[in-house]
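Take a look at the structures below.
Look at the two complexes coming up: chain A is in both, with chain B in one and chain C in the other.
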Partner chain A sequence: MHTARDTLSTRLGTHGVLILYVIIALFPVFVIVTNSFKTRRAIFREPLALPDGESFSLIGYETVLKQGDFFLYFQNSMIVTVASLFFILLFGAMAAFALAEYRFKGNTLMGLYLALGIMIPIRIGTVAILEMMVSTGLVNTLWALILVYTAQGLPLAVFILSEFMKGVSDDLKNAGRIDGLSEYKIFFRLVLPLVRPAMATVAVFNMIPIWNDLWFPLILAPAEETKTLTLGSQVFIGQFVTDWNAVLSALSLAILPVMVLYVIFSRQLIRGITSGAVK
Partner chain B sequence: MTALKLENVNKSFGQVHVLKDINLTVEEGEFVVFVGPSGCGKSTLLRVIAGLEDASSGTVAIGGEVVNRVPPAKRGIAMVFQSYALYPHLNVRDNMGLGLKQEGQPKTEVEERVARASAMLDLDKYLARRPAELSGGQRQRVAIGRAIVRQPKLFLFDEPLSNLDAALRMNTRVEIAALHRTLSASMIYVTHDQIEAMTLADKIVVLRDGRIEQVGSPLDLYNNPANRFVAGFLGSPSMNFLQASVPGLRPGFTIGIRPEYLRVVDQGRISGEVTYVERLGGDTNLLVKTDQGETLTLRLFGQDHTPVGARISLDFDDALAFHFDEADERVLAEAA
Partner chain C sequence: MATPTGPSKIKWHVVVFLAPAVLVYTAVMIYPLFNTLRLSFFDTVDQQRVFVGLENFRTLFGNTIWSDQFWNALGNNFWFFLVHMLVQNPIGVALAALLSSPRLRFAALYRTAIFVPTILSFVIVGFAWKLILSPIWGIAPEMLDAIGLKFLYAPWLGKEEYALTTLALVSVWQFVGIPMMLIYAALLSIPEEILEAGECDGITGMSAFWKIKLPLILPSIGIISILTFVGNFNAFDLIYAAQGALAGPDFSTDILGTFLYRTFFGFQLQLGDPHMGSAIASAMFVIILIGVCLYLFGIQRRLRHYQY
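== the complex of A and B ==
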């Protein structure tokens, strides 16, 4: 956006600040990725150097791919993240629609109750959750993780989405009712497309904590066949010896899928088809 | 057959009583305009008729059938919204056809009706476009087209012209009037714009605070208002209400004179000073402060050159003045 106030110096200033921020934010990622391609000795001697002919090594990746079942871990992380996001968005949006659209007794109270989850961290209830999972036989299944993450993500999702749903024109929903659309069709076909940017925001906010979480996989699903990537990488970190090549390689690999998911969601953030719906 | 019959309709939101004992009949083919200041309940009344809100009590009958328990889509109505409310992800053709598809009409029937409506509204060129690619006036025509294809027993318009600019508003108003003639359908039209009300209506319903103040043809209401509110609401500039400036009035009573019925004379009953002049070319409006401190508007046809600050004397024809009592109800001149 170029306005009359956009002088060269202010634009240089803003870009300077942004570039500095990008450098700070990406630096750790850069160090992890470059070091994952180096020999163990090179990592410790010159951690900031780029890999060259002498120090280049794929030993870390070889270890990762050989040891443990990394593709399974990948798959587990992916299933848990995608399924949790799906349920968070589906149920969060439905609850938000109900809260925003319908007048019923206890509407405000219900909204506050749901918002409570934003303030109270779910980890406080870990023991109770574990007990429930044991008695329902869900320990060491991916469902245990999916359910917990869905519960964890819902409060914020409902909170953000209901604000956006209130902004969707009443006339549009009423036009749908007069044209004979059911409430479900109004929700899925008229309202959801209009709050897509908000849905993408919620998805991005929830995705990274779920992908990176170590706590619940460790407690609820530590079995070999349900290990997530973060938990799987822990085998390389020992109390006395840490296989840094393998850790760095595993972390570098772990970045890729989240990046793909992020690119998908961020495109939704940018693409808005809302303009022109109502004046 | 009556198109719409409302009997003792009430509507409350919690403690707030929005519509109070509304009784109204709309005949087949009639163009009825609900008019009133904002917050008077006219839009709520329309939504009750459409079925988007339930009436708290009373009956709503459309085409002779009580529809209190019938969902909006099955009431035989179609509605045009102020914000157009087009489906953003559908093109013009699908926007117009969606309601018919939902009714389960065969494809050929849907296509034929959409084609007929789009020809009527000059939308043929735009059928494949999305709402975002249309101008405001075109969007409003699509919204009207969406109503037409359903061939409803009753058309409902909710301030359809409020989002258009002045020139377009005039054109669309003429189009809606023409549409009413060609379709000879029953229509209910909500507006706060009294010019739309006067020009379009067969019958005007003036609402205030959830009550019907008066029902009648536009000129009926203009020439014969039942109370001070109706008298002041219709007409632009609005009617002058004077108490002190006209000699011989009963205390507490008010006389109402329309700006165009006042004339400048040498020696009249009202005298005062011109405080402001609006020269519109065709008309001239003078704001006058009377010697008793009341303000009135005077409308002169043609161009007038009275300067601001001039002393002026005014008079009026008693047959064209209205009298109101302490409760703002209209009384006959003899009683006053």
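== the complex of A and C ==
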């Protein structure tokens, strides 16, 4: 059937091109990580060689772990990301349920209002956000970041989740109502468990941009105690710019957590994108 | 929906469900957005905030110190966007087309690997490429030497004429995974019957791609274009991570995001100016709004006809 599309040479060509692109995509990561385990001399003499018995060195990692508060930064990033995701999912699901389930005046208008933020980036409002955070004393707290990321994530979350909630069977909800469940219990006990896959998609979509953001940590929470990992490594690398061992090790340490998250969630992420959740 | 309360009463549960999201979204996103637009009409005089009308915009567009920077940043930003449209999206489409070839082995592995740069932070990407392209380390010249092209090497990030294009290409390298995934999804959703009907008429291989698949994935290409546009016109992180707030060499990589940052937050000896910053943010808002409207009312409507 597919004779013309399936000849051996086209198949080999396809693999060749894809392998070439995979090399392009992974090469910089490979170079950074392998060189972080080498002595300064080996880094410059043979940048493309793998570390061996002679050139192996952990001096960069020692510098990083001694100088930078990487554990604190990691903890801050973790708190901000997890808390923001929690609020995005909880508030987003509640609003999506209200929009999908009840007919009330201004339903469509409310949906449009919440959807505005999908296209308009929140960064445009940074000047006023900073003033607000200063006047409420939230500047240099993790709450400033959590609030901003929650607001930023809500529009798309409401949009995706309400599409899914419209698909939850009415019979189920009405059966719950006949059994005397309150609207809150119907939401938390019946509907929420059913839209779990959609919630996971929303969580994965939001997780990586929040973890990697540099703009808001730089502006709203640059203090030492509230630095996120992204900002922390930026500042650290800037200070140690001539210490190549330290810079390469810091980069590798910054790559590590994202890679772990990616390996855990890649299937969810790719399924989320390819299922057309963003259309 | 059937709710026990009468239509005249307020349904409190609806209010409770909506309130948290609406409050956070309004207070942290919508209100600051409009407040920023409002602040662009004010200035600080004797430590008092006073209304100055369009004065900030007159400075931004009329005073050459400001307007030169603004047009430079805007022009750079358009070039940045153009490189993405001309390089990132065609590569993304090509990779997706290859990935979707029938019965391709290791497709999931390729997909996962090609998406890796997209999940890395700008800080990692910026510094990693800065090190690789650095003339001190020598990875880039050495590799070019290996294929006999050493004469092509230049310290790209340090040269005014190359730096912006280099950074745009680094950004393309980072984000090519997104168009690839979206187009891949669109290609998979094309019904097999359509392709088989084409085969009966003798349309196979490349011509099947150009004549059947490409027209059908145009709506996805439209979505990708507007996502790229919005992303590029509020980009900041990569330039800041690689070249710093001054977007060197000599502002040749300055885009609207870095210009906004320097202006309102200040850098080195220049003090931050929230009002001029608001004016720049308002200009960015208008540019993004124009782009989104062009897409929604110009492109998307016309593309609808192709959908099945």
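Everything that follows uses one rule, which is that the second predicted complex is superposed on the first by the 200 of 279 C-alpha atoms of A that agree within 3 Å, B and C clash if a C-alpha of one lies under 4 Å from a C-alpha of the other, contacts with A are read in each partner's own complex, and residues count from 1 in each chain.
Convention: contacts are C-beta pairs under 8 Å (C-beta built on N, C-alpha and C of every residue); 3 or more make two chains touch, one makes a residue touch a chain.
Keep in mind the model is a prediction, meaning the values are calculated, not measured.
Undergrad: Identify the partner contact of A:Asn174: answer first if only chain B is touched, second if only chain C is, both if each is, neither if none is.
TA: Both partners, chain B and chain C.
Undergrad: Touch check for A:Arg123: first (chain B), second (chain C), both, or neither?
TA: In the superposition, A:Arg123 contacts chain C only.
Undergrad: After the superposition on A, what does A:Ala254 contact: first (chain B), second (chain C), both or neither?
TA: The second partner, chain C, only.
Undergrad: Between chain B and chain C, which one contacts more residues of chain A in the superposed model?
TA: C
Undergrad: In the overlaid three-chain picture, which partner chain does A:Leu190 touch, first (chain B) or second (chain C), both, or neither?
TA: First partner only, chain B.
Undergrad: On the A-aligned overlay, A:Leu220 touches which partner chain: chain B = first, chain C = second, or both, or neither?
TA: Neither: A:Leu220 stays clear of chain B and chain C.
Undergrad: So in the superposed three-chain picture, is A:Ile160 touching just chain B, just chain C, both, or none of them (first/second/both/neither)?
TA: The answer is neither, since A:Ile160 touches no partner chain.
Undergrad: For chain A, what residues appear in both contact lists, the one with chain B and the one with chain C?
TA: 174, 177, 273-276, 278-279
Undergrad: Mind pulling up the chain B residues that touch chain A in the complex?
TA: Per the stated touch rule, the residues are 47, 50-52, 71-74, 77-79, 81-89, 98-99, 102-103, 130-134, 136, 139, 146, 158, 163.
Undergrad: Using the touch definition from the top, list the residues of chain A that touch chain C in their complex.
TA: These residues of chain A touch chain C: 1-2, 4-6, 10-11, 14-15, 17-19, 21-22, 24-26, 28-29, 31-32, 43-44, 47-48, 87, 90-92, 94-95, 97-99, 101-104, 110, 114, 116-117, 119-132, 147-148, 150-152, 154-155, 158, 170, 174, 177, 182-184, 187, 208, 211-215, 218-219, 230, 233-234, 237, 244, 247-248, 251, 254-255, 258-259, 261-262, 266, 269-270, 273-276, 278-279.
Undergrad: Of all residues in chain A, which touch chain B in the complex?
TA: On the chain A side, the touching residues are 169, 171-172, 174-181, 189-190, 193-194, 273-279.
Undergrad: Touching residues of chain C toward chain A in the complex: what are they?
TA: 1-3, 11, 13-14, 16-18, 20-22, 24-25, 27-33, 35-36, 39, 95, 98-99, 101-104, 106, 110-125, 127-129, 131-132, 137-139, 142-143, 173, 176, 178, 181-182, 184-185, 188-189, 196, 199, 204-205, 208, 223, 226, 230, 234, 236-237, 240-241, 257, 260-261, 264-265, 274, 277-278, 281, 284-285, 288-289, 292
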